[in-house]
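Once you scroll down, you'll see the structures, which are given as structure tokens.
Both complexes shown next keep chain A, but they swap its partner, so chain B is in the first and chain C is in the second.
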Partner chain A sequence: MNHVIEMNELSKWYGEVIGLNNVTACIRDGITGLLGHNGAGKTTLLSLATGQLRPSRGEITVLGERPWNNPRLLSRTGYCPEADAFWRGLTGRQFVTFLARANGMTRRGALRAADAAIDLVRMGEDQHRRIAEYSRGMRQRIKVAQALARRPELLVLDEPLAGMDPVGRAELIALFKRFAESGTAVIVSSHILHEVEAMTDNILLLDHGQLVAEGEVHEIRDSLEEQSHQVLLRARESRRLATLLAGQDYVAALEVQDGQTLILHTHDPDRLYRELPGILADNNIACSEISSPDDSLEAVFGYLTGRP
Partner chain B sequence: MSTEQTVLLPEAGPISPTRAWLAVAAFSVRQTMRKRAILAFAVMAVPALLGVIVRVAGARLSPDHMSAFYWGTTVFVMPTAVVPLIAMLFCTTLILNEAAEGTLVYLFTRRLSRRGVLLAKFAGTLFTLVGLACVAQLLLFLVAATGARPMRVTSGAPELWGALAVMALGAVVLSAIFTMLGMLFARPLRIGVGYLILCEWVFASIPLNVQQFSVNYYLRCILVRIAGTPKTWKGLRDVLGEDAATVSTSLLTLAVVALAALLVSAFFVGCKEFTKAREEQR
Partner chain C sequence: MPVRRRGYHRWKGKLSSARWTWPAILSNGLRLGMKQKGASLLLWSGLPIAVVAGLLFYFMAVLEKQTAHPVQLPNELRFILWFLRMDRIPSLDIGKLIVPMWTLVFARLFQLELLLILLVQSKFGANQIAGDLRTDALPIYFSKPITVWTYLLGKWLIMMAFASAVMLVPNLVAYVAGVLLSDTVTQFRATAGLLARITAHSLLLAGLSSLIILALSSLTRDRRLVSVAWFAIALLPIAIQAVLDDAVPGRYATGLLGAVSLQRNFGRLTYWMLDVDGAVTSSGHAKLFGSAAGSGLYGADLGYSVAVLAAITAVCLLICLKRVRRFQVAVANA
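Coming up: the complex of A and B.
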């Protein structure tokens, strides 16, 4: 996998306020979710990656080049900013076409690219209406269209799904996946966990300007050794099962819920999964479900940021 | 780029920074008139309205008096008030308006350097401003040169093309200065008003060497030297002092000022951060 963005001790501060603090990370091909609460530093990182800000310290390279004031590089990236900002009086088509032309395309090429991008985000019917008349979801789509129209090698999307309805979200997520599959690196920022979870397992987690975790969600979860893992078991005889498991040294805590659900905390999930089938078989207990609720992004996020 | 993506989007075709520059400049022409258009038109119409008032109030004014009025308005009102006000309204916030509205990020992530974006926006805006200044001058000329007892286009009444050229020159220089103020200061409109009052109005009115710190002094020098003074005025000395600048000195000074202001603007746009992320973090 190629490194699309490399950050080395990257910091950005605004006077006394720290936007990003000493971040060293690599973003590779495919889709990467940039996750964090509001003010975590996501937009700062994306602004650094798209040359809108200069690092206060450290270095960032995008596709092997420094992005600050580098139009040649920026013309290879598509950026969908977070701000709900447009020039007054333009229709969706005029907006996308102008930005394609401002990228140096010919008039005909820009029109063709705009039409194709508008079709991809399913705005064909409304492209001739003024953007001021659009719903928030439509404005998000047209912003995404302008980012796509230049056939980018890297798509940088800052909260692209904000304000969209569920159908629109699903459509855009599917579109981002198509682009990723076709070889475009995609970076999507969001503070909504399930959005990112629907797109990728590969995340960069920011909190208060610091990189808290990076990589696959399950790998990150496994690395949190001091944090006990939760395992959910559904069995008719959950109380008997709880009694049997209570004596095991790898079980840290047990909680029986609604008679059939047992929540178990363990520091050694591998041993639990290894020994549990034997315990169930020896005691003739039927178990209908075994799952790990804290292997989800939400749980990992909560553990890492201390804000469940 | 993989084959699959070719299906998703058509070939981008050849990419040219020059085309990008022209697209941004053309877009700026369009956008300029959307902002503060009413105010700009009002300022532009002032000289012609003055002419209408003079015609209505002084119905028996002789052609010589109309010439003097046209001369006085062209030399004192146009370069002192109309052209600077229009330039200030549009150029102080050339980049900052886009930054405040969040649209600058679209332009700064294109196949165009920051300096290229600034110069394209400047060129597009200037095109509109030169048009506005020339239309204002043309309206004034039409009011003075038509109707009952029109002025005589002789000495003391700068011929139209000369006056238009000087107004266009004034628009270029003042736009460059106000663009520079917009790059240097966080609240450029206030600074612009300060510059306008101090340099273009106060300094320019004092018959001492401080006149030379105003752009309109040089514009007036050119106008008076190419057109002379009407009979009702004693001459150049009466208007601009003993040693008024020559046309070539004025042109050179204005060219240097405009170029310096543009260079400063280009330098600052290349190293300044405009993103909203900065404000949000604060």
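Coming up: the complex of A and C.
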């Protein structure tokens, strides 16, 4: 697996404000979610990766090159910013074509590339309308189109799904997955966890400019030894099941909710899953659901940042 | 097969280097500018001036033929000669006066066109960088292989194009009309040098004014503030200059205190670039032109004006560079 972005003690500060603090990480092929609350440093990191900021300390390489003051590298990356940066007098097609030409394409090449990119984001019918008439979701699509036009090796997307309806979100997520499968590295920055969860397991979690976690969600979860795992069970005889499980040494705590739901806290989920079927079978208890609410991005995020 | 099902094909094709991305910025800026209300009207407004100048050149050509081959002038032309205080001129050899007269006409044209430049730069230039700052467009620009220099070059050329439409184009139209309405070959031979001068000076004035409006546009996100500042810079010093002209002794008026207003400095530059004094002197009838030759305020101490304009150019360029580079802090802090 290739390392698309490598960061080594990367820091960026603006006077007394620390944007990014001593981040050492690698981003690989495929889709990587860049997570964090507002002000965590996501945009700073993306700005460093797209060559718009110079590191205050440390270094960052993108596709093997330093991005700062490197226009040649920028023609290999596509960036979809969070801000709605539009020239309102332009149509969607003119917008995408202009930015394709700004990538160094000839006029004819830019027109062809724009047509294909607009078709990919399903804006073909509205491409000749002025951007000022677009809805929020349409503007997002056209922003993504301009990032795709050049067919970059690295796609950097800052809150690409903001303001989109569920159908639009699903379409774009499918599109990003397709790109990732075709060999393009995709970085998606978002503070909406379930969106990122729908795209990838691979995350980079920032908080107050620092790297809090890196890797796949369940690996990160497993590494949080001090946090007990939650397991949710649904059974009609939840109270009898609770009595049976209460005596087990791998169960740290139990909680019965609404008569049929039992929430277990355990530090040894593997042993629980190994022994639970036997307990249920021996005592003839039917269980309609077994799930782990905190093997989710939201839970991991909450544990690591200390915020719900 | 629909594009969506074809998979993700890496784009293959030749790319120009980052140095050549400014044409895209230029064409986009021109397209956006022309979409503004009243854009065409403003840009065409220089042409009536050119037509009037062309007619003047025609009358001069008629006068030249009159003195070379005297014929009875029609009454209408006699009236115009009287109106222009040129009714005694037929006793002179107009041929020798053509170059200084054309030079003076163009000098006056430049003064009128400066007013149009004021309006054009305000309309098209105020929002050039201010608009990009307001809409956070700079990250999207600089995520492409565009450098700060190519960005500023593209923006400057946009303003050069609009400014040239009301300065260079009318001057060229007036010149071509004058040549075509006269004895073409002779007239062109006599005034070819003037053509080069008016072209160079048009481009110089367009370039300087474009740089000033870009610098102002880079200072704020509000285009209205830019317009107010632009008019203030252009007009207030004229009033201050008028006060100084009355207040200070004459020997200071041609020095630095005589180089306060942009209008005065541009005027001096115009008279020097067009070589008004040289044209008038070589005609052998300098007294005929009197103060119209401008040897008083415009002919002297050009050095001060050049220094002032050079300083303004340097300051404006620095402002543009610093402000465009500084956006990065604003973006990351947002």
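The working rule: the second predicted complex is superposed on the first by the 307 of 308 C-alpha atoms of A that agree within 3 Å, B and C clash if a C-alpha of one lies under 4 Å from a C-alpha of the other, contacts with A are read in each partner's own complex, and residues count from 1 in each chain.
Just so we're on the same page, a residue touches a chain if its C-beta (ideal position, glycine included) is under 8 Å from a C-beta of that chain, and two chains touch if they have at least 3 such contacts.
Bear in mind that the values here come from a model prediction, so they are computed numbers and not experimental data.
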Original post:
Overlaying on chain A: chain B and chain C, fit or clash?
Top reply: clash
Original post:
Once the shared chain is lined up, is A:3 touching chain B (first), chain C (second), both, or neither of them?
Top reply: neither
Original post:
In the superposed arrangement, does A:239 touch chain B (first), chain C (second), both or neither?
Top reply: neither
Original post:
Touch check for A:267: first (chain B), second (chain C), both, or neither?
Top reply: neither
Subject >> Which of chain B and chain C A:14 touches, first, second, both or neither >> reply: both
**OP:** Run through 3-11, 57-65 or 183-191 for chain C and report the one that clashes with chain B in the overlay.
**Re:** 3-11
Subject >> Contact residues common to both interfaces of chain A (with chain B and with chain C) >> reply: 14, 17, 19, 43-44, 47, 50-53, 69, 71-72, 74-75, 77, 79, 81, 83-87, 89, 98-99, 101-106, 109, 113, 116, 120, 146, 149-151, 153, 178-179, 182-184
Original post:
What residues on chain A touch chain C, complex-wise?
Top reply: 12, 14, 17, 19, 43-44, 47, 50-53, 69, 71-72, 74-75, 77-79, 81, 83-87, 89-90, 94, 98-99, 101-106, 109, 113, 116, 119-120, 146, 149-151, 153, 156, 178-179, 182-184
Original post:
Which residues, counting only chain B, touch chain A once they are in their complex?
Top reply: 1-2, 4-5, 8-20, 23-24, 27, 31, 34, 101-103, 105-114, 116, 270, 273-278, 280-282
**OP:** Could you please specify the touching residues of chain A with respect to chain B in the complex?
**Re:** 14-15, 17, 19, 39, 43-44, 47, 50-54, 69, 71-72, 74-75, 77, 79, 81, 83-89, 98-99, 101-106, 108-109, 112-113, 116-117, 120, 146, 148-151, 153, 178-179, 181-184
Subject >> Contact footprint of chain A on chain C as seen in their complex >> reply: 2-4, 7-11, 13-18, 20-21, 23-25, 27-28, 31-32, 35-36, 131, 135-147, 328-329, 331-334
